[in-house]
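The block underneath contains the structure these notes are about, expressed in structure tokens.
Letters A, B, C and D mark the chains in the order given here, with residues in each chain numbered from 1 onward.
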Amino acid sequence: MLRAAVIGLGYWGPNLARNFASSQRIELRWLCDLDESRLSSMRSRYPSARTSSDPEEVFNDPDLDAVAIATPVSTHYEVAKRALLAGKHVLVEKPLAANSEQAQELMELARARNLVLFVDHVFLYSPSVQKMGQIYRSGEIGEIRFIDSVRINLGLIQNDVNVLWDLAPHDLSIIDFLLGRAPVSVVAVGESHVANGMVDVSYLHLDYGEVKAAVHLNWLSPVKIRHFMVGGSKKSILYNDLDRSESIKVYDRGVNVDSGEAINRRGLLVSYRSGDVLSPRLDSFEPLAQMLGHFADCIEGGETPISGGDQGLRVVRILEAADRSLAHGGERHPVQT
Amino acid sequence: MLRAAVIGLGYWGPNLARNFASSQRIELRWLCDLDESRLSSMRSRYPSARTSSDPEEVFNDPDLDAVAIATPVSTHYEVAKRALLAGKHVLVEKPLAANSEQAQELMELARARNLVLFVDHVFLYSPSVQKMGQIYRSGEIGEIRFIDSVRINLGLIQNDVNVLWDLAPHDLSIIDFLLGRAPVSVVAVGESHVANGMVDVSYLHLDYGEVKAAVHLNWLSPVKIRHFMVGGSKKSILYNDLDRSESIKVYDRGVNVDSGEAINRRGLLVSYRSGDVLSPRLDSFEPLAQMLGHFADCIEGGETPISGGDQGLRVVRILEAADRSLAHGGERHPVQT
Amino acid sequence: MLRAAVIGLGYWGPNLARNFASSQRIELRWLCDLDESRLSSMRSRYPSARTSSDPEEVFNDPDLDAVAIATPVSTHYEVAKRALLAGKHVLVEKPLAANSEQAQELMELARARNLVLFVDHVFLYSPSVQKMGQIYRSGEIGEIRFIDSVRINLGLIQNDVNVLWDLAPHDLSIIDFLLGRAPVSVVAVGESHVANGMVDVSYLHLDYGEVKAAVHLNWLSPVKIRHFMVGGSKKSILYNDLDRSESIKVYDRGVNVDSGEAINRRGLLVSYRSGDVLSPRLDSFEPLAQMLGHFADCIEGGETPISGGDQGLRVVRILEAADRSLAHGGERHPVQT
Amino acid sequence: MLRAAVIGLGYWGPNLARNFASSQRIELRWLCDLDESRLSSMRSRYPSARTSSDPEEVFNDPDLDAVAIATPVSTHYEVAKRALLAGKHVLVEKPLAANSEQAQELMELARARNLVLFVDHVFLYSPSVQKMGQIYRSGEIGEIRFIDSVRINLGLIQNDVNVLWDLAPHDLSIIDFLLGRAPVSVVAVGESHVANGMVDVSYLHLDYGEVKAAVHLNWLSPVKIRHFMVGGSKKSILYNDLDRSESIKVYDRGVNVDSGEAINRRGLLVSYRSGDVLSPRLDSFEPLAQMLGHFADCIEGGETPISGGDQGLRVVRILEAADRSLAHGGERHPVQT
């Protein structure tokens, strides 16, 4: 049984703790936070775990295998680095780090020490995204032409990260999961509508070569929308994360070109397909538990993380380029590779 | 009773003819198209109207008051100019012309001759958009912060105009109706995914100073979405054109700043409101009939068109700037004023 | 080309006229109504049709083949009988007649004279119901266990028929189309909530032996719902007439019994399936045009009407039994066969 | 601080335990179940609670104030009676008892001993139902004309109670909460479609005098629906428990009679209103926590339970009459009062 620590018990850390505690493969050995009141409330819930306000004390535990880091983004690098230097496998809340130099250093450090560096891109482990990946890889939808993701709702305005750094890692990691590569360039527009100068409404346009992707992030929307659309050359997918019973739909609808079968009213050779819509059965599991199982597989079985440091780095590089684009009024900026 | 002609009997012209025919204020006097089969089918439906394949014959009718033009975009300028020169009031299908020089010339010609130049921005005359305008002007939603419009579906690929020129006039005219001014600049990204080089998926980002607007146009979407969201400082509106029973919703939800009432978890002074949602009763009328009534008011009563040549020109200028931005990889381009 | 008359030009008659006028197989020869203003408005729209306020004049036309009757229900019998006696094929608005004696007499008269007696159960000719019939007949959903239909909205209160006679023929004809037989008995409850004593909210429970069906009809509902659910032993269908893009969904979900695979928490041998949901592509056609084509096939090609007098009679018998049940506080009443 | 026990740790008991444990007013003092494995799993979660497999041991604790009973329905009476005889306040999972004699005896016993008898009709304590009650009591919707509730989904087939006893207490308690009285009579139809003879699809029709109510319960529906519609003389309410953002909607739509303003096409004096739709803001709280707070108020402050033994008895009497009606083919049966 692996022994793990959770560092940072604010919003997300308790979820990690709960899943470690109920896991058959990972023991919740340490809970760590600077805030004593959080520690004490968690201590009463998980009496068998040790608690500390000092990460070093945790990392010094020779029997500890892995560390899950859910501290503020600005501290990810420092905490993760110390954990890796102490020989621990590391899982980091998204985004991996506050800039790409940090992310790259963590990735290299983990590689050099043969440790797992894992990013908490938890959506990749949901039944919906897993199914979407299977469908795409099966060839059923053909080549991807475009991706359009809308992730908007009345969100908690933050003052250490803008809406891109807060929300886009979800979309960017799902796109990365599907395409397995970085975009060439990005155009980002956005605005800070409420006082603190943090962009709260933003749009990303990503050029992945043949594939173009757009992402709409918005903390000010009165309605909550979670639409992720994948337009393929054969079929298209709509992943609606808010539709509890039919979150994935595969549409056999689209436009065929050069088919020779039809001429539209102004002369173009195209034909339109309007076929079945299929909402496939999804397995039922908690994404976080699934993710931690994969984390354990990576540590124990040497599997390559689906959301490893390389993906985390690609996501951070996109966010950096997006910030540069935002700062230059939407200028197209290359994404570092 | 005003006497009107319809020039161009393809897709939209028959709707104009039908509404003229059932109007109490406008008589359908002429039907004109180059295609004899279209003429004859319309002739049997409206036996009291005259038909011609030559617009000049129509314009030469001294008893004719007004001409509605529903020919291909590339011909709008030529046909409208000849109608104005013949002293007729003119209604033109959107967009007003194929470029801004043409649009401006038409506007000036109409002004010089004291004729009505009216653009068929028909959505402005729908119960939903009329209500949205009333609500905004009442001050209920406060200052507009952002507008986000999504107009996507499996659409008819055209080979004389791209998806922007085909669909965006709807959104741009609604935004113009609300804001009453032109944007400063535009960023447009897009792609031609099917063979003919015409952009079929596109995004517009418009800078109206304090207000930022985004429009998503897509001919390849497997699902049809018509969402027009107006984020205000007090309340927000969602206009969902596909919701037949509650197409307008006013959300008393949002973020207040500097209220002093609440400090979020990372120190910003903001508070969140989550209040009632109101879907106001809408009048029930056909937008096209409403528009033609207003057209008659402008001719007979000297009213200023809600969708006059000036608005038509502003829309065309945005489309031109958007084309330039598209051609330069999404570079921000100023909109001519 | 068949020559047809439309008798009764109130709400539904003009739709029949329009479809005859645009049909390639049936000529609109006569328009008949007691109301001169209706006649004159229709005359201007269909100048080639003859008009009359006297059905006898119409029936006396020796070149007339068929008569479509859209007069008030109470007159169906008299008008249809005279048309049949005049040797005309007859299409009658639903319900076929005001009572089962009349319906039966019409059916027998048509049979004796070898004329087509056709009931305007127009929903049977919609793409959705046609597809539902195909799916059921293919065996895909197994045996039907239950049917539940909800047809409610803020409806026009009528004072010659109650909500059952107004709306239930739609549901009852669809059920008849699927099952092809009459129910054994019916329980009907209902109430007249607004002043005139006509039942405006009602529920029907139909016993078709193995299959049980329920229908909810309501003129007072603030929301419009059109749900027709077919629970099968293998799969189930939901036909939502208001869902324009996915009106038919086939659910591979259900309960299996005696499977031996699972024991629920209290000991019953059942297993639950939760599989794919498929929304099949539907053809796109107007139900009324499709129906009139079938009417022509029945006249010219000797086909048996899908919605013939026998079905019309079964529907009327259910309505009669339902009225009796309503009058006796929901007592179960047999349906005459 | 009140001290409470939870008897029965199957499906619902753990929820009660969790809410007692997090309550500021009630201490979770005892956990009781016959199954040792359940007890031990709960013991590790709530180390400060005592555990027992014998209810008598629990009831003998002189410091215990209240007992929450979540055992099988057939045992409610016996366990509750013993708790009351031991002088404890009692909260019983719905339905209160397996028959009305038992329910009445419990009610009388509690009354005689001046103890609180409380039924776990938890929906009454949800933000949605609370708001619905406020709206109705404010007079805004006028007199209630009809109630229609649909509670269907692929449910767990049970073999100790039919679908009525399993699900209808929710609907019946909400109706009782609104009307505050028992129905005069009931018509129930239903069928056991899967092998064990337990009715799995059922419809209840309740006569409350001026108000008529219908409830559709179904364990075999492939889709989940939770619609509770209240038709009023002025306005109507739709409570859709699955709509997370707008679960309550108030429709200013309806039919007015004798208004003198309009004559419908067949002569009845009615007018139709189509006004605003309002979805009021709802408070955000967990129904179960709210309910337990009210339970504490009843014990400590002498408040009358919203869902007391009298309501529990009325619900059981309806279920009994419904079972009799089911057994007699839908015959109308009086409800005992």
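Just so we're on the same page, a contact is a pair of C-beta atoms (placed from the backbone, for glycine too) under 8 Å apart; a residue touches a chain by one contact, two chains touch by 3 or more.
Small disclaimer: the values here were computed from a predicted structure and weren't measured.
Going by the stated contact rule, which chains contact chain A and chain D alike?
Common neighbours, chain A/chain D: B, C.
Could you let me know which interface, C-D or B-C, is made of more C-beta pairs in contact?
C-D
Just give me the whole-number Å value for how far the CA centre of chain A lies from that of chain C.
So the centroids are 52 Å from each other.
How many angstrom lie between the CA centroids of chain C and chain D, rounded to a whole number?
From the centre of chain C to the centre of chain D is 39 Å.
Going through chain A residue by residue, note those that touch at least 2 other chains and give them in order.
223, 245, 274
Where on chain C does chain A make contact in their complex?
By the definition above, chain C touches chain A via 245-246, 252, 274-281.
For chain B, which residues are in contact with chain C within the complex?
47, 223-224, 245
Enumerate the contact residues on chain A facing chain B in the complex.
Touch residues, chain A against chain B: 10-11, 145-146, 148, 150, 154, 156-160, 187, 189, 191, 193-196, 201, 203, 205, 212, 214, 216, 218-223, 229, 231, 235-236, 238, 251, 253-255, 257-258, 264-270, 272, 274, 329-332.
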